[in-house]
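Below are structures written as structure tokens.
Heads up, the next two complexes both have chain A, just with different partners, chain B and then chain C.
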Partner chain A sequence: MSKAKREAGYLFEPGTKKDDPWYVKIQRLDSKIFITVVIIAVSIVLITPLNIPVFVEGFVLEVAEWIESLEPGDVIWLSQHYSVGSITDYGAIYTSLITHIQLKSGALKALGRDVNGDGIPDGLKLILIPMSVDGQIQFEWQIKRTKEYWPDNIVYGEDWVMWPYQVLSDFIYQKFVNEGFDKVYTKDFYTGKGWNELPVTKFVRSPRDIDVNIGQDATTTARIWALYGKDPIDHSPHKYTKYSQSGRRRPHAAAYPVQVWDSAAQAVAMPYYTAGLYAGFFNGVRNGGEYEMWLNTHYYIKNNPALGRVPLNTGLGLNTLDAMNLAQTWTFTMMIIGNIGYYYQRRKGRVT
Partner chain B sequence: MAMPYVSRRLPLAVLFITTVITIGNYFLRGSAELSNSARMLNNWAVVLFAFALAVGLVQLTVLRTRWVMNPKESMRRRVLSVLFLAEMWIITIIGIVNSRGPEFTWISKYVYTTLQGAQYGMIGFYITLACYRTMKVRRWDIAIFTIVCWIHLVANTPLVSYFIGYGWFNFSQWIYFWPSTAGGKALAMIAALGMVSVGVRGMLGMERGVLGGGGG
Partner chain C sequence: MAVGDPVLALVSIQIMAMWSYIYFGGSVVYDYIQDLYVASAVAYSAVMAYTNLLSIGWTPMVTKGEWHFIIPMILGFLLFSIISRKWGWLQRWPSSILLGVGMGLGMASFVYADVAQQLVSAWDLGLKHGLYLEWLVIIIGMALTFWFFVYTVPHKGPGITPTILDRLADIGKAFVMIYITSKYASTVMYRLTLFIGNLQRILWDWLGIRPPIGL
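Here is the complex of A and B:
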């Protein structure tokens, strides 16, 4: 790089003059400097977690309270549609959901109620469905990170199960309706048993038997569940009120999907959410960290107070939230400074 | 000019029949014959999608092999193509032989997952930089965009809520629940009308875009 092109030094972009005023220079901060600050901020909190306290948003409370209200024998369908790269965004939500469901399930199973009459006490029935080609890897990571906190009475095949990936989720959902789950899933991921051989799934015949559906695919599950789910949507106008659509929301819309998306997608999800097509919504990194914090304050490891509370960072949610906190603070601060510089530049009539 | 049978009329007839059965089954549920036909079409879609993956594998192999064999291609492209082919075929073969074996699990865990995470993580740096570089209040319409982005960015930084309370966050949520939702619903309706229009065009044999050479 010649001296003329790099005159103001490596702090600024090439072409910035030494005698340029501050309001020009502040807008021409070198990308490498900007990104280095982000890298340092992110690295610091990953090495030394701050675990900055956060309040738990309504979206998290809504689903957490819903899971709390479930009863023995209720079925939860938890699917994963996005590729493994997004695990930083959604990992903590899934680890928290799995941990919460299993802890609640263990507590319900301990009551000893046999709802479906198969001779086995029932907790919640958790069905894990990879809808992306690498969904299995993600579920295995989440199970590995949380299994030590699950109650001892949770048994694979009785209380939870994972099925292998099937090609093309959109059409698979229609296939569930047309042919039933047992025709689509013939061998479970861990033991190779069929849908009807496992106590956890043999009573689940169609989408109508599923109480909570959690996933990430924008419209297909909403469409299929609205038509064939437990509580099909009723479009009768008298059920609408000004601020809520009673009869179309939790718990009446118990079979409608809960969506797990990133923060950027919240704007896209809101129309479906406010219309009652989504019964719940999770908002990326932020809600992942918050759910970890909620679990920490509400549950003990294996439901045993002697073992202490469920730890934070089961899905690295709070650590990621720390990193996001610092990176975003730097970004919005620089946005203000950059705009102040731009304002002065316009007042002085300079254009760079 | 007469429409050729094999390349135009026959595919249009297939498109017409497929659309009528699928849409008809959706609105006229209850007919066993219609339902069975729609189910069969649905199964074919799954098979075709799986087949498309295989076609992609072959096409990529042919394309990359041509690049590797062509001395006129840059050395960088040839080396990257060799790496690409090796990676694609090693993972495919190991996955076919034993998708639950330790080799495939190792590749998934230490290669695929790590690279995907790295690729996804890198986007964050560009997004933060883009916020700083491009979000300047140049005009009133850009000002609305920039200010709303800034409000959401600050609201989604829990550190801020920790120090100044949740009023800011609630304001951001109000934007999501009202102005943003109103615009989102309008967009969803436009998209839905577009899909209905494509369906009707398909039923009338007017949708020819899928046959190549543009729509209409």
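Here is the complex of A and C:
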């Protein structure tokens, strides 16, 4: 141990003297102590959840209720643009969205309505599009995580499909519009079939056939699809439903995307949302946890004759949210204490 | 319990090796993991790029006779000329096309989405929806922030008394600070989420210590 560290004592940064006042010491607390406390506290919460209650924000209700309003044969485009490194932040949003869509789809399919006339009862049509280089890894993880909750009547190729990643997603958006989907996607990820061979996609010929477009590519989607929209979305609660405004129904439904952003992006995304250029908006793990809460109170996994109605056991986002609340409270408490220490130092003339 | 799973063990050990920087600073372990991370990311991207090159460019060219794909492929190949001092200037062509197309696509919708629609919606907020307080804050904030950036004359100094215009720019600066503060706070939140995610990999996925949750 160096002389400076010996003088400071173990807990403090070099240069701190043992007889320094508390407000100096608190600012010079060794960052390793701070981080160790965070690691231990967060680990405890991850193992033993606090289950801090959260209220479901309007952002989540808006999209959840919109998906509830969809009908057999309606098409949902779900793309993934962020890299896998951020999956903890928005993973719960995607797992909740996929679960919700498939549960709703299963219920609609059970009605037995064949909307497009191909002889197969229609639920919702979920199209998964990886737009980042590791997007398909993320989708596979989310599918694996949620599949046990899907209804039994959900079939790959009929009700959902995943297409492989292609480079330069920004340009591909324009290509969809100019050339059609079947020219861009020729082999699906799991079975190698073409766009027009699969019942889930063969009736989707242009962006205008998409009813809900969910993505996360910052501003590009909003900018490109906005060119095809007519009236910006009004986010008033009474206008959530499918046919309430032009951005929420064909032929302009695809023009306004639901955007999934990470926690760091809310300040950037809000102007687009308030301007009506997003049909909906999810903000990081917080909204992911809230969506899980909404699902938990509105859905059951399936009717199992042996078990009865088994409630959906959600918690990835909520548990992460618990840990984040704790870590964030600790971080901001330390920031406040540090600022108080700085204020004292200024009063004592130790800093200018 | 997945402690025996070699992949999860490797992932968890790599995460902890990354965190070793906090306690031990730069070390052989940290350097090795950092290099491994970059190398595997590049390798994965390279394989994906190669697959795309085959499926989008090469296969249609040789099987369907769509020979026009040769142009972007040559242009793409020219990007590698940067490694040569003699031929490095050739990479300017594909670079300029990439930038030009990007700018063109972006600019076409930028004015509509980022300027016109956001201005109109800010204005409508109060006048159409009756949210007068929000409308006032947005309009004043927008105008004064704009003023802060364009009013680039000395605000104070020897012999200069701050004027009302200086004060207005100061208020604009306060709005900018509020934005930056909000961005900073949400970035802290985001970073903490990344950290929590890594802890979940170790505790939940590798060690199997997890509460009974689904999804």
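Here is the rule we go by: the second predicted complex is superposed on the first by the 306 of 352 C-alpha atoms of A that agree within 3 Å, B and C clash if a C-alpha of one lies under 4 Å from a C-alpha of the other, contacts with A are read in each partner's own complex, and residues count from 1 in each chain.
Assume a residue touches a chain if its C-beta (ideal position, glycine included) is under 8 Å from a C-beta of that chain, and two chains touch if they have at least 3 such contacts.
Computed from a prediction, not measured in an experiment: that's the story for all the values here.
Of the two partner chains placed by the overlay, only chain C lies in contact with A:Glu292; chain B stays clear of it.
In the superposition on chain A, contact is made by A:Tyr149 with chain C only, not with chain B. Of the two partner chains placed around the shared chain by superposition, chain B and chain C are both touched by A:Asp134. After overlaying the two complexes on the shared chain, residue contacts for A:Val260 are found with neither chain B nor chain C.
In the superposition on chain A, contact of A:Asn178 is made with chain B only, not with chain C.
In the superposition on chain A, A:Thr186 makes contact with chain C only, while chain B stays out of contact range.
When both complexes are overlaid on chain A, the residue A:Gly315 reaches chain C alone and has no touch with chain B. In the superposition on chain A, A:Ile47 makes contact with chain C only, while chain B stays out of contact range. With both structures placed on the common chain, the touch criterion links A:Ser96 to chain C but leaves chain B unconnected.
Touched residues of chain A were counted for both chain B and chain C, and C has more of them. Residue overlap on chain A between its contacts with chain B in one complex and with chain C in the other: 31, 35, 38-39, 85-89, 134, 167, 171, 174, 263, 266-268, 271-272, 274-275, 324, 327-328, 331. Chain A contributes residues 31-32, 35, 38-39, 42-43, 46-49, 85-89, 91-92, 95-96, 99, 133-134, 145-146, 148-149, 164-167, 170-171, 174, 186-187, 219-220, 222-224, 226-227, 232, 236, 262-268, 271-272, 274-277, 284-285, 292, 312-320, 323-324, 327-328, 331 to its touches with chain C in the complex.
Within the complex, the chain C residues that touch chain A are 22-23, 44-45, 48-49, 51-52, 55-56, 101-102, 105-106, 108-110, 112-114, 117-118, 120-122, 125, 129, 179, 182-183, 186-200, 203-204, 209-215. Against chain B, in their complex, chain A makes its touches with residues 27, 29, 31, 34-35, 38-39, 52-55, 57, 83-89, 134, 137, 141, 167-168, 171-172, 174-175, 178-179, 263, 266-268, 270-272, 274-275, 286, 289, 321, 324-332, 334-336, 338-339, 342-343.
Of all residues in chain B, only 35, 39, 42-43, 45-46, 49-50, 53, 108-109, 112-113, 116-117, 119-121, 124-125, 128-129, 131-133, 135-138, 146, 150, 153-154, 156-162, 166, 169, 176-177, 180-181, 184-185, 188 touch chain A in the complex they form.
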